[in-house]
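Okay, here's the structure, questions in a sec.
Every chain is named by a letter (A, B, C, D and E) in the order it is written, and numbering of its residues begins at 1.
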């Protein structure tokens, strides 16, 4: 399609990412982008252009992100964005595949002695505007009759800051975001706890523009490929050796040594092998960026493979 | 009736009246009971507040770039936040090792601004100098020439961005403003009403809605696939905004030119454009230099709003640097004071300059 | 020097000196006494200090040396004394200085009502009398800027007259006017002159000087160079300086 | 003698000024229409190709989000247009209070520049220079940080009587609504009427006898007495809704949030510095001759100020003052940076939930345009009424 | 009525009418022809249309009816014709209208260089000739506002002369000047008059009219009421209106 052609001629995938959410999309002081969402972009670039570094990152805030994608400023929006019906149906966007199953939670200071979200009756809660979060908070407050007073901020940092200075009793966003904030932004992470309630479903994943089904397919299948690679044990370390040694027909298809699955997508047959080589499989990406051993320390939980009790169930690469 | 011949009396100097500090205090501070009361109330307040402020800001302040020091009891201002973070505040996310480039670029551009303010440099080659310096500025900032590594515009930030946005938008808005101002005084109704609508429309809305439009909506206005750097779009937004205000300032100057000047030019046979270029504009612009400076000052201040659309100019860079660092976050107020000082130094010197120009202009009106 | 010493003087300048700033010596050793009812015309080249001289009389400018006594009150820093003198002295400016936000009538009643504390009705009646005197009673309810220059100046004269002053000061009252309007104003002034009010008038209208002045004073460089009755002054000026000046203003 | 209206005639040749004018105008119109068409066309194509929905129908859908502060109750099930309305009232609330406060402060500062007291002059000058030369956004952010960082948290709030100041903002007691308050309000109204009557009487007295009556203290006295009387008549209700310390926050009573306070303080202090300059310029613009004429008429310094200088200065002051009011209103849009739910903030939320960027931003612009135009018209009307009558 | 019809006219007004806006009929059926070299003084009360009349001649105002032919060119909408006429006609304004941002010399060379397209050096030489003619060559490098009013007006005259015009228009050239300076300017104008250039001058300086004018035109309410040679006009005005007017301006 057009998108793929222009990516090839420009030699770069343009990827919309978060302005700074540790573990998902953030730049370090040297300008190097890391995170789960970022790795997705890298995998796509590796599959399409053969080089995971050929990505231009465009940091977008909540308000900018959809128009940026709609107008063609970015090729793919990989910015912890929740898939919802409205966004699918009315914004002219396509939801590719879920890369992280999340839910919205609350963070409160330990010293407030709040143990449950139901204790937040009549309290102020800091939230970033222009997110599903804001709406979920309202729904939850209404359903439970809590009368929560939102204090809404334009920018993530402002909302976090207001919480840490004590303007609000609680801070709400996706649980992953809470963990990221607590570990990266709080002075003493142990002073804050994340309440057990998750008040919404937040399937996060990359989006692309409508009207270019080939490109849509490529992004979607790169993600499924990464998932299936994990399922079948293909890793960054063993991808090269498996190319020659593997006898598993599924693995062979993923690595393009038997069938040319790439051709159907308009790519070459090595596409998935390169992606895995560049970023590792989904499990590796998760571990590296947000997993228990990373700075964020999130449990794998629902984001585990389907056969290990999680929700990650890739369509077969076949 | 007798009369005398004229005997000029030589002028004498005025008798010395009790000048000196005491007399000054008497007439300026203690003239009558109301004045004295004011002096005591305000003087008392100042005597009470100023030492506290000085104590906080200077005497008990900590300057060391270690946040632990600031936590100690009795420490006032924690300027350490600046010693620690000044590079990110001044240059945003520009690559650390390459920050000499924005430094030089900023000095160049500021120098050019200063030079442009001097009358003796108001020559025909000044615009060329501007072009040259801007070219060097971009070469330095963006790189990719002379073996400099490329630095994308999304990593530009801090002071260079502030200065770039304000000076470039001023330079660019000028020709637009000139045309619009002339258009608003045109005898042709269609042209006049277009210019009026433009000016009134822009002046009726806040800058941030223009910025929102530039950064969120503009891509929708363009043919598919056109990509315009967000920096450029924001620049266009600010420029169009500033041009409307500038046009009004210039129009004020045009209105102040007596009709007789145009008539005199007409009797000498000058054409419309000759009259504008050689008679009307030189006088009108000289007259409104203070207004132009004021406009520049507000544009300079207004660039701080681009932080709302996620560009990291001074304010944004400060928040970027300090908000994400839990140890320093409580001291962001010191950071704000720091950039407030930067803004103040720039704006204050510009407003002084405009006062000076005003005086010069008035002087030349007298013999 | 000829002084009309028939009655005791109403204004006395005694070695008055004035400086603008520290160096500009604008009035130099002025000695002058003006008798009650006397009509004096002051002329002289631009910048010679004519305006400054008459503005000292109602203390719009203060002198720094010498004594200046107006109607028996010496002008010093004393605010009471200044107020008293200002009640006795009316002034008409070159630029009229009418209050543009008030109607003609309000211009005239302002001071009587707020300073003189007389009721509005009475003040308006008196104002109308003065307006009739300057022959523009029908303009009473217009605003100053709706009038012609000559009319404005006549309002200004009426306003000054409403104070019932003993002394009237005129500072080039006709020089901002068109030729036709000059006459209107001069006519009013000539009429006033016949009523016995003390008048000091800075003007270059030699016709006026000849018609009404008791004395013409010629100033140059902050000094009184020559004073004489109009006939002698115009036909037989004594000093070089005045001859030169007269030749210029009468020459064309 | 010919007819008394001019004939109209034209020569249509390229060497005629009138003809050239028409050609230039047609060119301009074509160029501008082309640009507008280009942009509109692109937008439509872009939206159609990507299936972006457009239109203002979303305004009647349920908003689905709560608003932190609002003058009147707002529920998330109410439609978007009502949410917008809340935003507009929040904007106007800040703007109107800010305009009043900054006018008072600015006027004092401006007159202070003419004070005979050097200290007063110096303080006013430093204030103006300091506040004018720092971006208003920066000032808002600073005030917000000061309010949220420096103030104590709710459990250790500063307390004076029933007033609490904490990170939660300023909490104050509000009287519980009772018939007595209504009486007091009636009393106040009656007081206003009495004051008007008094002023007319005082004016007549002055005109009739030349005697001046107090123009400030007596009216104030009347107002206070009347409202007290009304309040007493109504049974002198003293019940108050007092704020109390809750577990995590101050509860009950009235509250001003730190966001509102920061916006208000920031805008007021910033705008006051500009108004001070406007006032100073206005007073300085009255020609010197006016003051001299007033002195020559024997008016005292106060009378000169009140009767001659101020009425004339006001005409110079009003237009730039209007501009400052408009600026303040427009600057209130910066509230979005510190989380005050003004109309821009509401529009941004709406924009994100519905994806109708064009519509939402246009709505915001429209709100401000209407405010601006409305104010301009009002001031234009005032100006034409107050203009000095000329020939 | 005496008309100097010795040579063919250089300016011809033929039933010229002009309105300001739609209602204000400012010039009414003006018929006038001016011979080459003739010197005409126009006078009349304020607002009678004198300025408008002479401003029509170089199309600073446009007339709406009738024909106006200047040096053989009829004035219409045609830009070329207007340019041509303006090259032949110099104009001196009451308010001088010098360009304050240019030096005296630059004021004089502006039009020759940009319109006449002659080299700077030549233009400057010619300008100096004119400056000498008005006797202020030594002020060439000053700025207009550094000069006195009389000097400024002489620069304005020199500027007009630099066009080498066949016709010079003066609109009250001395009425903004101090009495002492009026003479300087009138002297220059009288000198010019002797050089045979066609002059139309709006002025109330009757001395000047008597000294140089071939014809005096009296206007009132947009019409030419009377025209005559100066001697007859001043001593024996024909119409009531001019008698009245003359009594006023000569009266004081």
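Going forward, a contact is a pair of C-beta atoms (placed from the backbone, for glycine too) under 8 Å apart; a residue touches a chain by one contact, two chains touch by 3 or more.
Note that the structure is predicted; figures quoted are calculated from it, not measured.
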Any chain that touches chain E and chain B: C, D
Dominant interface by contact count, named by its two chains: B-D
Chain whose Cα centroid lies at the greatest distance from that of chain C: A
Most centrally placed chain, judged by C-alpha centres: B
Averaged-CA centre spacing for the pair chain E and chain A, given as whole angstrom: 84
Intercentroid distance (Cα basis), chain E paired with chain D, Å: 55
Distance from chain B to chain A - Cα centre to Cα centre, in angstrom: 42
Length of the line joining the C-alpha centres of chain B and chain D, rounded to whole Å: 25
Junction residues of chain B - those touching two or more other chains: 212, 216-217, 220, 222, 224, 308, 330
For chain E, residues that touch 2 or more chains besides their own: none
Multi-partner residues of chain A (at least 2 other chains): 63, 67, 70-71, 154-155, 158, 165
Which chain pairs touch, all of them: A-B, A-D, B-C, B-D, B-E, C-D, C-E, D-E
Parts of chain E lying in touch with chain B, wherever the complex brings them together: 58, 60, 83, 86-87, 89-91, 93, 95, 97-101, 110-111, 114-115, 143, 145-147, 159-160, 163
For the chain B and chain C complex, residues of the former touching the latter: 1-6, 8-9, 11-15, 17
Chain D to chain A touching residues, read off their complex: 46-47, 49-53, 64-69, 76, 145, 148-149, 153, 167-168, 246, 248-249, 251, 257-259, 336-339, 341, 345, 348-349, 351-355, 357
Complex interface listing, chain C residues touching chain B: 1-2, 17, 19, 21-25, 28-29, 64-65, 220-223, 225-229, 232, 238-242
Contacting residues of chain B [partner chain D, same complex]: 24, 28-29, 31, 35, 38-39, 42-43, 46, 187-191, 194, 200-201, 203-209, 212-213, 216-217, 220-224, 297, 301-302, 304-305, 307-308, 315, 330, 332-333, 336-337, 339-340, 343-344, 347-348, 351
